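Consider the two complexes below, in which subunit A is the common component and subunit B and subunit C are the respective partners.
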Partner chain A sequence: MSVNKLTGGLSLRQLRPAIVISTLGLSFFAIITWYPLVFMVATSLKTRDQFFQNFWGFTYPFDWQNYVDVWPRAFQGIQNSLLYSSLTLVLTLIFSLLGGYAFGRFNFAGKNFIFLAILMLLMVPGIVTIVPLFVLVRQLGIMNSWAALVLPWTGFEMVFGIFLMRLFFEKLPHELFDAARVEGAGELKVLFFVAIPLALPGLGSVAILDILFTWNDLVWPLVTMSDQANLPAGPMAMLFRGSENVDYGAIFAAYVTLSAPLVILFTFFTRQFLRGIEGI
Partner chain B sequence: MKAVTNHEAAKATKTSLNSLLHRHLPWVLLSPILLHLLIFRYIPTLYAFFYSFTDWDGIRIRRFLGLRNFTDLFSDYVFLEGLKNMAIYTSIRVILILSFAFIAAEMVISFKNANIRTFWKIVFVIPMIVPLAVNYLLWGFILSPQGGMLNSLLEVIGLAEMARPWLGTSATALLSITFIQFPFVSGLAFLVFVSALEGIPADVIDACKVEGCGRLRRIIAVDFPMLRGSMIFVGVLVTLQGIQTVEPQLILTKGGPGIATESPGWFVYRAAFQYGEFGLAAAAGVVMVLVGLVFSFYVVRARYKGAYDVGQ
Partner chain C sequence: MAKVILKGIRKSYGPIEVLSGIDLTIENGDFAVILGPSGCGKTTLLRTIAGLETANAGSIQIGERIVDDIPAARRQIGMVFQTYALFPHLNVYQNISFGMRMRNEPKDQIEQRVQEAAVKLKLEDYLKRLPRELSGGQRQRVAIGRALVREPEVFLFDEPLSNLDAELRVDMRLELSALHQQLKATMIYVTHDQVEAMTLGTKIIVLDKGVLQQVGTPLEVYYHPANKFVAGFVGSPRMRFIPGEVVSNADNKLQVRAQGILSGDIAFDLEGSDLSEGDFVDIGVRAEDIECGQATNGMVSFSGISRQVENMGHSSFWYGTIKDTEIEIIARLGKQTQVKSGAQMEFSIDPRNLYLFDSDGRAILRNVDKNTELAEHVALPS
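After this line comes the complex of A and B, so read on.
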């Protein structure tokens, strides 16, 4: 019975060595991957004394004071991230959709040349343009504002988005679009009522890549946001370390708080997330 | 009567407008995209190349230097050390990430039950979403000398004499940042491999079974060749990331101790934003893009030399 449960309803006869090895191996990987995260949560709930009494596990009672202490600053970072990431997401999705539609469903002079020119940008990594971009953003007078992050981020993220959406639109059958045109729908109607609904799964993949990118970028926000209160969640995490005496409880409470929004969001949408990644 | 003509005229203009729109729609759709890319991608890229030939403080160009920045870079032992570290860091990580992700993907595939597969995917997807900065900071704690998790673990299992300040010793610092995120399963590589393995047509595997091939034979004879495209794809991504690496330096080591963990990305960051040497920083960036281009050229060529991939 217990063996049955462990192997997910397989009978003992089906319990091949490959299954045993795989379960053990994956569990091993999972423990190494997860334990630091569990440790982070456990430590964030400890007072200083509890931390020194019991290093490895949870201690009771939980001490929530750490969270109360870090909340104002951490919340600021989360708010900033939500603003920057959602603006970038909207712009990136619009551009990817329009670009993918133009390349995927139309033939026009210079199409291949322009597509190649856009795709070439994938070869230019961010670190190369960081210096000219910095100067550009300063000249535009948008330093230290949402635009300093959102506009360049969109420029980076839409390239792969357009590429993905072109592939996506090319795979859709002609008939879906032709039928709408025969019915007398204008081009904009076709775009809004045929293309966009069909494009949603592809846009999901673009959105996942985009959110992960904006959520993880470190260098660019650190360079452009001279006011620390404007930093997004990731770089904000760096500010909690070592400023005062090292208080791991408070530091880890800040890390947990800053990580929580996206982890919670993606936990709810795990299946869509997996499907989106598989669409890449 | 008049109303009808009006109506028909309106219809005619509408259709001609529509056909006009149809003819030019791609350009209407693409123009905001091209404008945005021009401002935020193409012009900065051209400027990066242009400024790499100048002595530039970010406000005005002091002098035109020709190739001086480049000769300076290649006689700067800090930059050269960075290039060497980059090569070591990137090649080790490509091997580690590809192998661990592939092994884990094979393990997931050995379950026939779709729910069990999904369970394991979810287990490794969720840690992926923890912000990169938090991830590195956490690894900083794992590797830290006092009360760090690795040293404490060594103490618990009776290997206390092996404990050391992993990031603070020249001998171990580079290798330590290379092993950050061990066991590398929680990432894009793993998910790409799993979905590529799931995409192998059943008849190929059946044919293999009829031939009587076991698990290991199947991995070597079927999975490896079928996954070649995905491997190259992931390998390119990891390599390009490795070439640009700056996060471990920025968050953990500052390129030290000494110059033990210098990297070209960190060199660019410091040259520009600490020393105001924007021209030199631009030149270092150009060197990095050239390294990346040479690499991706070889990989793309290898990809088109008869690589076959089911996943894409």
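After this line comes the complex of A and C, so read on.
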């Protein structure tokens, strides 16, 4: 498809080098993108011996024992992540929705200043806030609990969420809200019966970005969760590394298992995600 | 159904004054059309009545209530927006019933009213459809239905026909007119289209730059414009103006000399006027009052140099200038006419059909029997 598009208006003579170059280029990037995933799956199905026999490709027979071995812990990680991520998700959605709605629909004193202040948070790399955040979380006495992850994550994610939802609400025709008000809906009813239903694609995008972030965050959980049993999926994968006797098959089986929920989720919701982004 | 009274409504956005002191009474059952060019403040005025904008000063009364502190949701109005503003995620039934559901009215009553409105607006077969699956005219009717079922005290329309194609616009105009007669409701309708204003309104409110120019019946506004702006804005094609100068004013007779007029000074019957010799005036001429051919006695005559002719089928419009001047004139010619560009034509006008404005643009009242004059104009061809 891309080849057709690229060469759409070109003559035969120009066509060949164009096809060759674009095919080579795209193939190169396709391999870079996909091979690590193939490698991950292939390695997860190898015994130690098989791993050293054939490093790059699949080996037969597949060794499923790795999955059986890592399942208890991986499952623990997935459960933890489901809890932390869904709590963060709910909070992020609520704050993004309300914040974005306020900024997108109303005028109030200091609106631009406050929005700018929020937007500035987007410019600060997350990594530089780790130390102050760590101090804060310890002061609050919530280390090693769900709150140590959920609250900072929500604070971090809702910044972009508010930004996205503001753009989304600003694009909705004002007359829709006027019509709802004229029809007798108070502000709360306007929010529930008009704004939220229309904002669903936007909220979908915020949700997906949020889940991606919370599921994959590695550093912060390692900093705050001293009890390994409480670790979410991402850092849990690190535990399979072991100190000696590295069992690559098991490590990669854990990686596959821990990333499976996201892969499945995205397979079903990519469309929703795109719709939200396009809606802006 | 209710009367709407506006007192001294002012509204500004920053330093820009959009409405400068509007006083207006719209009677119960009026179809009041607010007419004016883009940016004259007419939509702002409507939105202020709706409660979607807050006036900086003044007061609004709907029915027996002063509504200044009552939010839009509780003003008992039904509004149809220019873009229809149908809720895209709700089907026709849900859109029409939206207001009733918001006010938690009983289900069977909602059902009954929506069905009645659907029959009235020919929407019975579309109740389950989403707005995007409807044509422009159908969406328009859904928007009207949504305003209708609430049985509001006042209907507000914000240029509701401007997004429809020409043919549909005529149909909807007739339907709206019929709806008004059927409901006998107070309706306030904003438009920049003077044909809509003339055909729909029982009362026309002409607005320019946030200032009321004239309030009157369509025929009053057309035949007795209060000023040059109204005269020029109402009527298609627009009224043209010939500059003139007062030669004398005595015994209720005003003599005006105008460039390019062959029949000599024009005499106007006036009842008291402070115009005096040397004052500048504008003489207004409507296309349909101009007759083609040599002047008979008592008629005002001039020669015109043709520029072009638009054939409309039932008549044609001649565009050109008065000979030896730059004054633009439009004349309606009864039949199909072929005129070469640059050709000279002879025209005449009954002086009673001329309009007169002073140098500030105010209309000068003339001593003409308005009833006969109106009768002549509106007489149907036998």
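To be clear about the criterion, the second predicted complex is superposed on the first by the 244 of 280 C-alpha atoms of A that agree within 3 Å, B and C clash if a C-alpha of one lies under 4 Å from a C-alpha of the other, contacts with A are read in each partner's own complex, and residues count from 1 in each chain.
The rule is simple: a residue touches a chain if its C-beta (ideal position, glycine included) is under 8 Å from a C-beta of that chain, and two chains touch if they have at least 3 such contacts.
Worth saying up front: this structure is predicted, and the values here are computed from it rather than measured.
Superposition of the two structures on subunit A shows subunit C fitting alongside subunit B with no clash.
Using the contact criterion defined above for the overlaid structures, shared-chain residue A:186 touches subunit B and also reaches subunit C.
Of the two partner chains placed by superposition, only subunit C is touched by A:173; subunit B is not. Residue contacts after overlaying the shared chain place A:194 against subunit C, while subunit B stays out of touching range.
Once the two complexes are laid over each other on the shared chain, residue contacts for A:74 go to neither subunit B nor subunit C. By the document's definition of touching, of the two partners only subunit B reaches A:267; subunit C does not.
Working from the superposition on chain A, the subunit A vertex angle toward subunit B and subunit C, CA centres, sits at 90° in steps of 10. Using the contact criterion defined above for the overlaid structures, shared-chain residue A:165 touches neither subunit B nor subunit C, since it reaches no partner. In the superposed pair of complexes, A:215 makes contact with subunit B only, with no contact to subunit C. Between subunit B and subunit C, the partner in contact with more residues of subunit A is B. Across the superposed structures, the minimum distance from subunit B to subunit C, using CA atoms, reads 6 Å. In the superposition on the C-alpha atoms of chain A, the part of subunit A touched by subunit B in one complex and by subunit C in the other spans residues 186. Across the complex, subunit A is touched by residues 14, 18, 21-22, 25-27, 29-30, 32-34, 36-37, 39-45, 47-48, 51, 58, 100, 103-104, 106-108, 110-111, 113, 115-116, 118, 120-134, 137-142, 147, 149, 152, 182-183, 185-186, 188, 191-192, 195, 215, 240, 243-244, 246-247, 250-251, 265, 268-269, 272-273, 278, 281-282, 285-286, 288-289, 292-293, 296 of subunit B. On subunit A, the positions that touch subunit C within their shared complex are 173, 175-176, 178-186, 189, 193-194, 197-198. Subunit C makes touch with subunit A in their complex at residues 47, 50-52, 71-75, 77-79, 81-83, 85-89, 98-99, 102-103, 146, 150.
On the subunit A side of its complex with subunit B, the touching residues are 8-10, 18-19, 21-22, 25-26, 29-30, 32-34, 36-37, 39-40, 55-56, 95, 98-99, 101-103, 106, 108, 111, 114, 118, 121, 123-136, 138, 151-152, 154-156, 158-159, 162, 186-188, 212, 215-216, 218-219, 222-223, 233-235, 237-238, 241, 248, 255, 258-259, 262-263, 266-267, 270-271, 273-274, 277-278, 280.
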